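Chain nomenclature is as follows: A, B, C and D, assigned in order of appearance, with residue numbering initiated at 1 for each chain independently.
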Amino acid sequence: MTTPFHGIIGYTITPFSPCGEQLDLPALGQSIERLIESGVHSIAPLGSTGEGAYLSDTEWQQVARHSLECIDKRVPSIVSVSDLTTAGAVRRARYAQQHGADAVMVLPCAYWKLSEAEIIQHYRSIGAAIDLPIMLYNNPATSGTDMPVELILRIVGEVDNVTMVKESTGDIQRMHKLQVLGEGQVPFYNGCNPLALEAFVAGASGWCTAAANLIPELNLSLYQAVAAGDLQQARALFYRQLPLLDFILKGGLPATIKAGLALTGLPVGEPRRPVFGLDDSAKATLRSLLEELHGLHDVA
Amino acid sequence: MTTPFHGIIGYTITPFSPCGEQLDLPALGQSIERLIESGVHSIAPLGSTGEGAYLSDTEWQQVARHSLECIDKRVPSIVSVSDLTTAGAVRRARYAQQHGADAVMVLPCAYWKLSEAEIIQHYRSIGAAIDLPIMLYNNPATSGTDMPVELILRIVGEVDNVTMVKESTGDIQRMHKLQVLGEGQVPFYNGCNPLALEAFVAGASGWCTAAANLIPELNLSLYQAVAAGDLQQARALFYRQLPLLDFILKGGLPATIKAGLALTGLPVGEPRRPVFGLDDSAKATLRSLLEELHGLHDVA
Amino acid sequence: MTTPFHGIIGYTITPFSPCGEQLDLPALGQSIERLIESGVHSIAPLGSTGEGAYLSDTEWQQVARHSLECIDKRVPSIVSVSDLTTAGAVRRARYAQQHGADAVMVLPCAYWKLSEAEIIQHYRSIGAAIDLPIMLYNNPATSGTDMPVELILRIVGEVDNVTMVKESTGDIQRMHKLQVLGEGQVPFYNGCNPLALEAFVAGASGWCTAAANLIPELNLSLYQAVAAGDLQQARALFYRQLPLLDFILKGGLPATIKAGLALTGLPVGEPRRPVFGLDDSAKATLRSLLEELHGLHDVA
Amino acid sequence: MTTPFHGIIGYTITPFSPCGEQLDLPALGQSIERLIESGVHSIAPLGSTGEGAYLSDTEWQQVARHSLECIDKRVPSIVSVSDLTTAGAVRRARYAQQHGADAVMVLPCAYWKLSEAEIIQHYRSIGAAIDLPIMLYNNPATSGTDMPVELILRIVGEVDNVTMVKESTGDIQRMHKLQVLGEGQVPFYNGCNPLALEAFVAGASGWCTAAANLIPELNLSLYQAVAAGDLQQARALFYRQLPLLDFILKGGLPATIKAGLALTGLPVGEPRRPVFGLDDSAKATLRSLLEELHGLHDVA
């Protein structure tokens, strides 16, 4: 299978007004512009970082459409269309397709735990509703559903347009298994920031990361070093950015990336409640982490 | 603290049309009528069993209003108003109050894991928005958020109208801790069906159960046996209903209770997708479990 | 199956000299005398509390023989013969039989995780080597091996002299399952102190407890209250002793029971290193917990 | 800190007679000879693979002495001296030193869970008893004790001769943390076979592996490829040997390595009971995995 998605896939935040209630679409546009200028290989709106789960249907559509308009096909786009109900995910997938997305991403969210048959049918229904490629997304920490590699590959085999896999369990052995059982034919992507180096080493096609809002050069350089087979350089670049990657994982992506954008001159509000923004102490830590990474080109 | 809630708190399902897309409010009314006639002490619409998480806002309001109208104050009512966003939960809590609920129940749902401070603020915001008593609900298996007893009691202490606790982790020691650390002053309720006997023995004020849609006499008799201090009888009644309680826990409450209602003459549709209804084999098992429990009065 | 074991099964500690290196057999005799005088229904040497795992083979034999001589058939005895190797467990089981034990207890210890077939064969080999009844003991927290109820009942079915089950996972639903799947024919015993009340309520034949070294009257009274079907009294007695039961579970049985015996006039040394004895602060807590429980007869 | 240990550290098995009861020291000597001839950088007797936990004290000493005599300082040796008691571990550590070991390895085994203070004191006591460097070994799956990186580094800081760390949790992020918090000054070793590639990429000094009994050339080539910074080659070599590495992890190291040695002409008996040897079907799988890896030099 061929796919236009590789390298650094930058995740967008969803900016809110200071009071937290309104969308701030102009700020969304600016954040996308930054990502494109930084050189990321593609852009993913409305993922976990984009607080897609916290938006009303109307808001979700506004953000999807505006994001796609701003991206304007300059890089490939992949829109997260996850919803607790199959009908809702189908609706969002169709909307994304109608407005020009190049692919959609689907995380099987769960209130009631899903059986394998239910998960397969969920992907089948979405797959039948659109013509776009689908990136299956496994992230039990947020979705409450853990898909073992065998199930993932079964879905890839049974649903034609599920052609890519994003793995975020944090267990590198899942990627080995995707590589081995998928016989190198199923492109997989890493969604766990602190595994960035190992995932590329294990054969991941890309790194899905919100860190690209803050340190795109470091993200891109790591990818390039691995692609060039330069292990020394890749390791140095990885350990250089690891403290920030750990920080954004622990602090929560929407809170930390939004704070980081504000620190670098683009105010985008705070996460929607009940999620808090960073407190002052965490902001200070983030500031010093970012300052330390400023002189990127010294690394080599 | 005094509370009108005790004994058997019956949970309602949310009936859908056969195609699964429309609400079936008349069937909802009939299911509520059944519960009241069976003698349950109070009724809880829109909980996990009621698929509250799978409804649109409009649907949620229709179900809440219709349920409260049908109950019509004949027994106390407690409406689940959980939502992923604080603003959404506040909106639902206000709606429930306006339409005559006696209390609301709040489960802190999570996509991004919540800190203790975020959970406390969530309850504080909802508490400030209404005058009704709130039942705090802990169920990490569905919500993704586990509140230790210490946190629960802190919230009870800090938010005036959080006056009741529903515990569904399945760990009886949590109830011991609620009893001991709460000094017997914080009424707690059991939400884990297979712990029904032990929870009452440990001091639970009530049993929140969807099983009351199917075997209300057995549920009520167990409560009465414990209240009468009749341990032999309580144990016999518990083991009599345990296979059914285990079955509905493992099969998922909406799927099994809906199938059971259909088997007893009240068709209410299936759960909303991606959740499946019971397959034929599971329906057959459920049928024989129900048949076995038919001759209730033999137990004593 | 009939068994002489029921009610309160008191576990012995293994006293060491102050320097920690030598056995103190006279103190062992005194601790057993205390247990018998207190009225426990049977005595279990060399269990987890008895630090059986930390003794050399020679020491283990000395303790086993001396314990059985002191008990002198005044109450039934059950000796823990667990060993990492099957050959070692067989050797200990034979030794216990030769020296007059009424039964043996077997926990399948693991360094390398055991398969179900390996566990079954382990019990089969021990069962074939002796004529005594065997109590199968499940305690994954110490043994690293968790036996599901289905496996336990399979072993009971396949190995003739495995006739009793001790469950210590802390999950009351395991006991429900033993009761239901064992059709009330497999006597089971509770090894998790804070579940004492619920286990009896669920149908446990006995409570295996080291607490009987410190508060035997409370342990016995709880058993009698349940046997008499007096739920109010049972609950009151349970909550009365629960803080101590929680304390000894959290502090570790050898450390807390040994400290408690010293506080009540019988110095028995400390646990063998690397396990520490209680520090001064924990000893003070234990002292006040014991003082509070002194006036037992007020409870009724 | 400098250490002679790096690269491939080969673990020995402990051969038994066919009946399983006696040590087979001549076969032990042959297996060590094979390892040395294969070019491993150092040898580790009596680890998990060597069934050290299943030997009597006398047997343990026989194996330790014979192994050290066979190695005869041709490569550095590191003897596992773990024991459930501190006194036992000290005794074994002294014995290893007296008989010429270059270092010892210590896993803090637990029956009763150990506190951090107890673990630290355990290492302190062993450290004080010998002059050799100690490799701290973290493997919660077998030992029941999980040491977080912060605790590990605290022990390294407080006990002078604890100078190396072996990590076997299977979580690559632990190694990142060792690298970052240890500031690159604490050599760490990988004990989880399927993480071989990632561990070297993350900076591990060596790979502790029993696989070197079966596929030493592949193990060594992987190390060399990473050392040469040749990522393509390292990845190819890793995926080539991964199926075997997965197989021996899942089948248990003593059982699979012993079966593999028998398949390659060196019968060494089976693991000591209750652990089983491989059954015929698993042996057939192992045979075909080994046959597939025979033509090593094709890889490049």
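In the analysis below, contacts are C-beta pairs under 8 Å (C-beta built on N, C-alpha and C of every residue); 3 or more make two chains touch, one makes a residue touch a chain.
No experiment lies behind these values; they were computed from the predicted model shown.
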Counting residue numbers used by both copies over all numbers at the interface, does the chain B-chain C contact come out same (over half shared) or different (under half)? same
For the pair chain A and chain B, the C-alpha centroid-to-centroid distance in angstrom is 36
So the centre of each chain is just the mean of its C-alpha atoms; given that, what is the distance between chain B and chain C in Å? 38
With chain centres defined as C-alpha means, what is the inter-centre distance between chain B and chain D in Å? 52
Examine which chains touch each other and state the graph shape they make (line, ring, star, complete, other). ring
In the complex, chain A touches chain D at residues 170-173, 176, 179-180, 194-195, 197-198, 201-203, 226, 229-232, 234-235, 239, 242-243
Of all residues in chain A, those that touch chain B in their complex: 21, 48, 53-54, 56-57, 84-87, 108-109, 111-115, 117-119, 121-122, 125, 141-142, 144, 252-254, 271-276
